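Below you'll find a set of structures to go through.
The two complexes that follow have chain A in common; it is paired with chain B in the first and with chain C in the second.
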Partner chain A sequence: MLFTSYEFIFFLCLLIGLYYIIPKRFQWQLLLISSFVFYYFSGWSNLLYISVTIVSTYFVSIKLNGLTKKQKAYLKENRDLSREEKKVYKEKIKSKRWGWLLLCLIFNLGILAVIKYTNFALSNINSILTLFKMNEISYVNLLLPMGISFYTFQSMSYIIDVYREKYEPERNIGKMALFVSFFPQLIQGPISRFDDLSKTLYKEHSFNAKTFSFGFQRVLWGYFKKMVIADRIITAVLTITKNPDTYDGIYVFIGMLFYALQLYADFTGGIDITIGIAQMLGIEVKENFIRPYFSKSITEYWRRWHISMGTWFKDYVFYPLSVSKPMLNISRSSRARFGDKVGKRLPVYLSTLIVWFTTGIWHGSSWNFIVWGLLNGVIILISQEFDPLYARFHERFKVKGTFGFRLFQVIRTVLLLSSLRILDCYRDVGVSFRMFVSMFTKLDIGVLFNGSLLDLGLDVSDYIVLVIGVIILIGFSLLQRSGSVREKIANKRPVLRYSVYILLFFSILILGAYGIGFDSNQFIYNQF
Partner chain B sequence: MKNKKIISILIIFLIIAGLYVLLQSLLMPKYMTKIVEGALISEYYHEKNKDHDVIFIGDCEVYENFSPITLWEEYGITSYIRGSAQQLIWHSYYLLEDTLKYEKPDVVVFSVLSMMYDEPQNEAYNRMSIDGMPLSLTKLRSAKAAMMPEEDLITYVFPLLRYHSRWNELSEEDFKYWFKKDQIAHNGYLMRVDAKPVDTFPKPRALADYKFGDICYEYLDKMTQLCKDNDIELVLLKAPSLYPHWYDEWDEQMVDYAAKNDLLYINLLDYLDEMGLDFNTDTYDAGLHLNLAGAEKTSVFFGKYLKDNFNLIDKRNDPELKALWDDKSAYYYNMEQEQYQELEEYGYLLKFNLKRTEEK
Partner chain C sequence: MEELLEILEELHPEVDFNTNKSLIDDKILDSFDIITLIADINDAYDVAIPAHEIIPENFNSAEALYGLIERLLDED
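Right, the complex of A and B next:
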């Protein structure tokens, strides 16, 4: 069930109506049923996968907690044990807990890995077999369950946090199931943390007109971005990227900028809808973006784009990896061999590259995503290395902080990121690099002015809508810097306020790229 | 304070509803200067006197081939044609069901050519057949039966969801006929006076299976039952169009069905000479459809058939009806005159030659 489908709108209206009519104590149960109904529409078999993840995570979380309690009780009962005996006992329990955690991680990440990466692995094996003129292995037909990357990561963060004793596990399997399957965030995140989401997810919610209205506005804003901008510009993006032999040179540059706009409008629009729906239900979901295209460096960008994924990798991959035994060993030996300066950096670099490799492959099971991830990591590391050079530059030229220089930084970052995303557009490493090079070797600026842009599937009126859309997006982001835009609008006179709402509603209704003549476009991040 | 809030919300909803209605009527196709057959269905609902002796139901084989004005002038029969382009049998059934909400005719004449289509064919024709109906369960049932896989039922409730993307192709026509449309047809008859003689038709190809589809029979059964329930005589009709080819095997099935259900079936292709049809002068598109001259000849013949078979009273002496039909006749002859003038001036009819009109 697409967020942009009539079925979903109907489903949502029905749910919200029921949600505020039924006794409040049943609200979370209704959400759980709704989430499973929503998921059912993506296929029966998918329900099986998510159920397996829920049950296994629940069981292990209770087991982990049981072991912790057992340890505490045992130590309380046996106060007279020596320190050494206590240590031995603790190690024994720790080892058991670690075993259960590992089992849960391997099992669930294993499901994800098998479904998502088997064919990728087979294609690489087949490439090698072909080299040796051996028979290829047949590919397997595995359908990727909707949102599996998101709910697997969300449940794994839960089990790791329980292991780390950050919080007590949820004893009600229904509530735990709701945390994993909460439908608004099932398709494309954000990857919520249990201690954040559970604060409002299971609460009893009375109807609050302001919260509801703000949520509704956010949903509308999300639909505007998705349906008016992203689903309109996708035609041109696909025309360019699906025909690399026809559209190279300046078209690649246009395509990468168009894709940057499409991805932004699509993903942030989807998250706006998610957060807005949750808000209409009285539930708080954490922000996933903070005006990412205003970032002045790639490092900053990744702090502001898909925040929940970035922090997930930081908390559950980067930090544990950096302090893991093998990494500490590498650190020790590299220091001994290359000295403190280089030796200190080597494990950090290694951890960073591993994280970006993982980030890349999380986005998709193909080499283009892996290369994209690694390039992000490399650029971040290079810019870190250049920090002293930048400092000297700023000391000499005194441009830091000026509007012109900040604008330059923002544009540079957007162009750099867009260039990296060429790998995402063409989904092939070789073609991507060839197209990137063609931007510089076949730069025909005339294309911009000779009407060729009208051959990309968009007409003049589409371009006008897109230009106005971009102006609105930028204006909105600028306004947002000084506080909530919805609060600002809410403080205006009713005529103005309601005019804005009504205009937004009819903009989506009239200008939205939906219905016959338009393909129903899935959200981009749903593929991941 | 609470009342004030409720009133404010109501006002906002009214504004939204008002804007919605305005935008929807602006963006929906008007069918006034091109593809005019799209306007046929809705015209019926603006008809002041919805009391007809005969209702024709079907596709272009009825709305191009029969003239209610001739039936009135020759026999005093009041009739209306409820037809639209490629109107399939499920459209026809639900359109009849809808018509019966307004009147109970003595005779319903159903054009059987659409029995050849067992599944939905085209979204554009669906819209032309259904959009003109007022919102009702009948309309929704019709849409549900007719929809192509890519269509959504909700767009028949809120047509703006279908036509929203026309915002960038709005023309002068859309603004001119935003609130009020012209009358296009004459009790459902779409007049054309131009002529194009029959040339040659492709040889009818042999079919793998000549049997009409089960769904078509299902709807024909429903139509038969609906007429029986309402004490209406149902006549099955094959109009005198030469193409698409009407196979003997199809004809036999209709003969059998009529006999089995105690209905009348008439294939007018068997009476071309009696009607005096000349396919050099009486068709505007080489035999697919009749022009005004052809439609009037057919109507004279078919009116007599109706008179002979059913007890239809000549109503020409009813002063009220006479006044009403006099107005209709005046409009009819006026349009005939205008079309001849257009033919003389341009060599073709503006509304029916979209490409040439646009080039001009």
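Right, the complex of A and C next:
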């Protein structure tokens, strides 16, 4: 049951109706049941996977907390122990806690790894076997449960935080299960943190007309992005990227820009629907995007795009890895060997590349995603190295902060990101590089003006809708810089206000692209 | 504290670490700086700053960072 299906709309209306009718103390239980019903529609076996994650994470979280309490009680009872004795006891408890954490991580990330990466590993092994003319191993038939990457990461952030004693674990397994399975964010994020989401998830919520209406508007805005823009432009993107032999050169350039628009409208639209639904239920889900296409560098872009994933990797991979003992030892020995400059950089560089490798493979079990991730990391490191050069440039030419230079930076970032995403479009490293090169070798600008663009599956009216859509998206983002657009609209005269709402609603109904030769229900990030 | 100030100044000579209280909030220290800083602190004070202590409150000022070092040394 996907966000764009009629079943989902029916499910949502029923849930919201019940949610505000039943006694408030049962609201979170209703959400839990609804989340499981929602997930059941993606396949009953998926319920088994998520339940295993919930139960194992819950059990270990209680165990970890029990050990912490045991330590506190022991040290309180035995105040007269020497400093050394206390240290020995703490170390003992610490190693037990570490063991439980490791078990939980290996178990749950293991499930994810086996389901998601077995066939990828087999395909690589088979390539080697073929090289030596040996028999290939047959592939396994494993269905990837929808949203497994999201809910596994969310559960692992919870267990690591409990291990770090950031907060007490949730003692009610039902509430904990709701945190992991909360349906609006189950299949494409954001990857919420327990201390954020739990503030409002279990609370009793009275109907609030303003919050509800703001949530509804956000849902509509999400559907507009998804159905009017993303689901329209996808036809052209697929025509170009599925036929690389026919559509190379300037078409690749057009395709990558179209894909930038599609991905933005699809993913941010999906998150708008998620956050909007949660808001209609009185629950706050943290923002996952801050106008990412206004970023002036790739580093800044990754702070503003899919924020919950970026901060997850930063908090649970990059920092722990960078400050780990082996990494500090590498730093020390490389400093002694190659000097301060190299020694200081080495752990950061290694950690950055490992994080981007992981980010790449998280997006998909194929080499194109790994190369895409690593290239992102390499560009970030190169730009870091260029910092002194940039500083010298800005000392000489006083352009920093001017509108023209900022615009140049924004366009440069969008083009760079879109070029990297060619790997995402073609899903094959070789084809992607060939297509990238063809942009420079077969640049036939004439295509833009000779009507060829109408052969991509879009007609003139589609292009008009897309141009208007892009203008609205940019206008919305510009308005948003000075505060909530919904607040601004709410303060306008009723005639104008309701015209905007009605226009938005009917534009989705009339201009939404419904099933034109593709699976209009599928959001791009559902596959992760 | 002197030693910590020296480490910080080496990293960003243009910043006044005696007065600045928003090193993270103002994006003066980025994640690369933080890792370098932690390695330097590890060498100078023989204290390991664990990943979960990397939060803005601990890195926003030299004073807060010194407080963290002292706390970790004490716990040790």
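Please note the rule applied: the second predicted complex is superposed on the first by the 522 of 528 C-alpha atoms of A that agree within 3 Å, B and C clash if a C-alpha of one lies under 4 Å from a C-alpha of the other, contacts with A are read in each partner's own complex, and residues count from 1 in each chain.
Here is the rule we use: a residue touches a chain if its C-beta (ideal position, glycine included) is under 8 Å from a C-beta of that chain, and two chains touch if they have at least 3 such contacts.
Computed from a predicted model, the values in this text were never measured in an experiment.
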Query raised in the report: Where does A:Pro347 make contact in the superposed view: on chain B (first), on chain C (second), on both, or on neither?
Result: second
Query raised in the report: Touching A:Phe26, do we find chain B (first), chain C (second), both, or neither?
Result: neither
Query - First, second, both or neither for A:Trp98, with chain B first and chain C second - result: neither
Query raised in the report: Who does A:Phe318 touch here: chain B (first), chain C (second), both, or neither?
Result: second
Query raised in the report: Thinking of the overlay built on chain A, is A:Phe397 touched by chain B (first), by chain C (second), by both, or by neither?
Result: neither
Query raised in the report: Given the touch rule stated above, what does A:Gln384 touch, chain B (first), chain C (second), both, or neither?
Result: second
Query - Contacts of A:Leu511 with chain B and chain C, given as first, second, both or neither - result: first
Requested in this report: In the overlay, answer first, second, both or neither for which of chain B and chain C A:Phe440 touches.
Outcome: neither
Query raised in the report: Okay, in this complex, where on chain A does chain B touch?
Result: 6, 459, 461-462, 494, 498, 502, 505-506, 509-518
Query raised in the report: Which chain C residues qualify as touching chain A in the complex?
Result: 31-32, 34-36, 38-39, 42-43, 48-52, 54
Query raised in the report: What residues of chain A sit close enough to touch chain C in their complex?
Result: 164, 166, 314-315, 318-320, 322-323, 325, 328, 331-332, 344, 347-348, 351, 384
Report task. Going by the contact rule at the top, pick out the chain B residues touching chain A in the complex. Result -> 8, 12, 15-16, 19-20, 23, 27, 123, 150-152, 154-155, 160-162, 164-165, 167-168
